[in-house]
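Letters are used for the chains, namely A, B, C, D, E and F, taken in the order the chains are written, and counting of residues starts over at 1 for each.
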Amino acid sequence: MYMRRAFYIGRFQPFHLGHYSIIKSIAQDVDELVIGIGSAQKSHEPKNPFTAGERVMMIRHALEDADIAHYAIPIEDLQRNAVWVSHIISMTPPFDTVYSNNPLVIQLFKEVGIEVRQPPMYYRNNGYSGREIRKRMIAEEDWKTLVHPAVADVIEEIHGVERLKQISKTDID
Amino acid sequence: MYMRRAFYIGRFQPFHLGHYSIIKSIAQDVDELVIGIGSAQKSHEPKNPFTAGERVMMIRHALEDADIAHYAIPIEDLQRNAVWVSHIISMTPPFDTVYSNNPLVIQLFKEVGIEVRQPPMYYRNNGYSGREIRKRMIAEEDWKTLVHPAVADVIEEIHGVERLKQISKTDID
Amino acid sequence: MYMRRAFYIGRFQPFHLGHYSIIKSIAQDVDELVIGIGSAQKSHEPKNPFTAGERVMMIRHALEDADIAHYAIPIEDLQRNAVWVSHIISMTPPFDTVYSNNPLVIQLFKEVGIEVRQPPMYYRNNGYSGREIRKRMIAEEDWKTLVHPAVADVIEEIHGVERLKQISKTDID
Amino acid sequence: MYMRRAFYIGRFQPFHLGHYSIIKSIAQDVDELVIGIGSAQKSHEPKNPFTAGERVMMIRHALEDADIAHYAIPIEDLQRNAVWVSHIISMTPPFDTVYSNNPLVIQLFKEVGIEVRQPPMYYRNNGYSGREIRKRMIAEEDWKTLVHPAVADVIEEIHGVERLKQISKTDID
Amino acid sequence: MYMRRAFYIGRFQPFHLGHYSIIKSIAQDVDELVIGIGSAQKSHEPKNPFTAGERVMMIRHALEDADIAHYAIPIEDLQRNAVWVSHIISMTPPFDTVYSNNPLVIQLFKEVGIEVRQPPMYYRNNGYSGREIRKRMIAEEDWKTLVHPAVADVIEEIHGVERLKQISKTDID
Amino acid sequence: MYMRRAFYIGRFQPFHLGHYSIIKSIAQDVDELVIGIGSAQKSHEPKNPFTAGERVMMIRHALEDADIAHYAIPIEDLQRNAVWVSHIISMTPPFDTVYSNNPLVIQLFKEVGIEVRQPPMYYRNNGYSGREIRKRMIAEEDWKTLVHPAVADVIEEIHGVERLKQISKTDID
């Protein structure tokens, strides 16, 4: 039986409502969604505070009630753009469409002839970006309204805000 | 809400009925199961013919009707046993028990104080091993009775037997 | 029969007339020239848009009519300066002189006692730098006068300007 | 102007008359030949005694009088079969046909839809294999008749036989 | 016989009197000190001019007269924060306390339940920082008062200031 | 003040009386000895059961009473023989002589013009080899007479024999 399957990738640091709304929108067009968790080997960095496992949890819990058939697959960086698409394909179930707004991702898939669609980005205006959320976490401003409640729970459970604040302190050489 | 979550790892080259029966048995003791797909970066080798993505598909389809809450997570080798457990932990949702019959896996988790249980291995007697299945594929003997029908379908779809036979041919330097 | 052979390395993103004139100048002093294509594993980055293979093509076509005996050798980064010279030596035919204006390259070869000569750099004044050319490509300004016509052809054939413009778009987190 | 370009890969430990005759045969069908030097990062091993640079020299000198337009490109192993073809493509000028008798190489290119032709292998009967030549070098038997005279010269110049004999001595743990 | 052993890590580019005074202060509380030389694989960079071996020498010579039982262990980066503590533990004799002012180091050890103490940082006010010393070396200002005389000797012997000045020159693309 | 410094490398799995007697013999000729702990990143393997840190401990304790000025430096494998000597040099204090019976080590240092001396190997006859000791550990035969008592203590403390026996059990695919 043929499955329409799409691929969507992000770093999800953290997984926020912008990602969530894109996924719900993609899900209307396909049978299953493969969610790549990029830079999987990174964590405990100001720009990448959460481990791949923690990001798997965020995605699973956030999508629990949405009834979206999906795979959440950690993808480690290879630092070689020319082989990145092959790397993705080897780590994931087969898909026929890619959804991305990332200029590099779009270029790499297009060069090998795989269709790329750009999901709507309206949500950027509302602060739905990882950078904004991490900034608010450090500044002790409200960030919970930008993520699914289940994601806020995961972050709380792993003391994610404390971790981010600690590793964001500057160190002198 | 607390989840009892277990970790089970294998190379799954391919995922066979031995793995399947172990997973069904573990599932009775826990709420969720994290399935690590080991040597994820390997494929197209006589001992590792299938990609991580193909193995994700086998597991997903085989478990579809069994109603077992699970995560299938590709795990790349780091070639450093001393950090392997930390690597696993960083790529997976948290778990409190490990199920394994692999002597090295047992040792590595025990050294960091994580409980390891050994699932029953009776099935080995019946040919349920990756090595046996790969041998039969090459010899054109019956192997389909050793895997879930959904796994046989995945392997057929990707022309897995043809691939394994081709890459197993010997080459002279 | 003894060969006077020189080594010259660059990233060649892209190969421009500054490189070309240096090579023609070096060629007068030696029998053969080994051209190392640095950061060979990088491509599809704003600072490194072209693959090693594409850069091999640029060099080959640009030098075609100049009748300069040369080897164009892709050199991958090792991220370990202390072993870089040994890495170069292992990947290339033997050479007795290095030509470079790069301060690090000069230092590394000098520390192991290999002679380094600095080719004239007058051309910088005329915009012959990779950075300048990439900037003009993005800004849709004239860049073709800064490269050999054969290089412009290669870049056109691979849609190099379109690629560079696309991957240089900024993405929000 | 369109070029018919073929790709041929080997480890060339060392480059012997079997390789030479294959290349001459391929050259009749194409305009240019891209010669990939596999396992480029390996050297000083019993199965891989020569550096990539030394192998580049062997190929260049052997083909000097044959007037075959070619590129000799060192290719480092990535240890990930699933991305190997992309890696090759990124390091080489574009080609439309692959010539190989290696079962894995054939499979990997076929899976991405690139045509693979198998050159005649008759020469195996005459000892034209790297393994045989290395065995003879260690046993101090005649090996020079199996390589082009220019290759024998390169090996002599780098004291290649002495190196191979020394590194092939067994060491006790 | 039980040993109180502490772990202290730095990049030591170079090893200066701030490090020295911290080590003397830690030494009063423990029997032995394990000194990790971080980013061991880096050298010949403006921020990391010295090799691990050179840094081993600086530490050994500086501590010679202080009679502090210690191990100086080069630690290569793994670029994976989640396994960093396991990596450290595998490369070093066992220790029960970590001394660090680095926010990331503190966080990583705390997450695995290892006690971290913060040594006094008063010395920062006096210019005792690697960055300041490297800056002064390049500017030809006084830096020798910031390091132990034995360290100044090591740096002189390896022509460290000349190296740093050379590799800090800017290069145009 | 000039130091005569020698380099000696081994995997030390484990450090045994053969190593010990070689070191005592070398120590008579030099002022200081740099001991490289090879394959530092390996552990928990049948051929490499002990971590680099554990091997540092064995060496330190065994040499404690011998009053030999030495550095024990973990050296990670790079899997590139052509850059191995540079890698060693970058991780260690400078040395002028190498002591080794390993054919590859001898070849690699000789190729770059560093003097290599071969220490006497008479001890092999008495079972002083890592392989023999590991075999005896698994077979529960006497191995303690082959190592320094301080090394036996380290191995006992880390439950080294239990670890080796466990990881040496065979696993079926």
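Quick note on the criterion: contacts are C-beta pairs under 8 Å (C-beta built on N, C-alpha and C of every residue); 3 or more make two chains touch, one makes a residue touch a chain.
Only a predicted model underlies this, so the values are computations on that prediction, with no experimental measurement involved.
Asks: What's the distance between the Cα centroids of chain A and chain D, rounded to whole Å?
Replies: One centre to the other, that is 43 Å.
Asks: So what's the Cα centroid distance for chain C and chain D, whole Å?
Replies: Going by mean C-alpha positions, chain C sits 26 Å from chain D.
Asks: What is the distance in Å between the mean C-alpha positions of chain A and chain E?
Replies: It comes to 36 Å between the two C-alpha centres.
Asks: Quick check on chain C: which residues sit in contact with 2+ other chains?
Replies: 41, 43, 51, 80, 82, 89-90
Asks: By the document's touch definition, which label belongs to this structure's chain graph: line, ring, star, complete, or other?
Replies: other
Asks: Mind giving me all the chain pairs that touch?
Replies: Per the contact definition above, the touching pairs are A-B, A-C, A-D, A-E, B-D, B-E, B-F, C-D, C-E, C-F, D-F, E-F.
Asks: Considering only the defined contacts, which chain D positions touch chain F in the complex?
Replies: 41-45, 51, 163, 166-173
Asks: What residues on chain B touch chain F, complex-wise?
Replies: Contact set of chain B toward chain F: 11, 13, 47, 79-82, 101-104, 106-108, 111, 124, 129-131.
Asks: Report the residues of chain E in contact with chain F in the complex, numbered from low to high.
Replies: 40-41, 43, 51-53, 56-57, 60, 71-74, 76, 89-94
Asks: For the complex, which residues does chain F have touching chain C?
Replies: Listed in rising order, the residues are 78, 80, 82-83, 85-87, 89-90.
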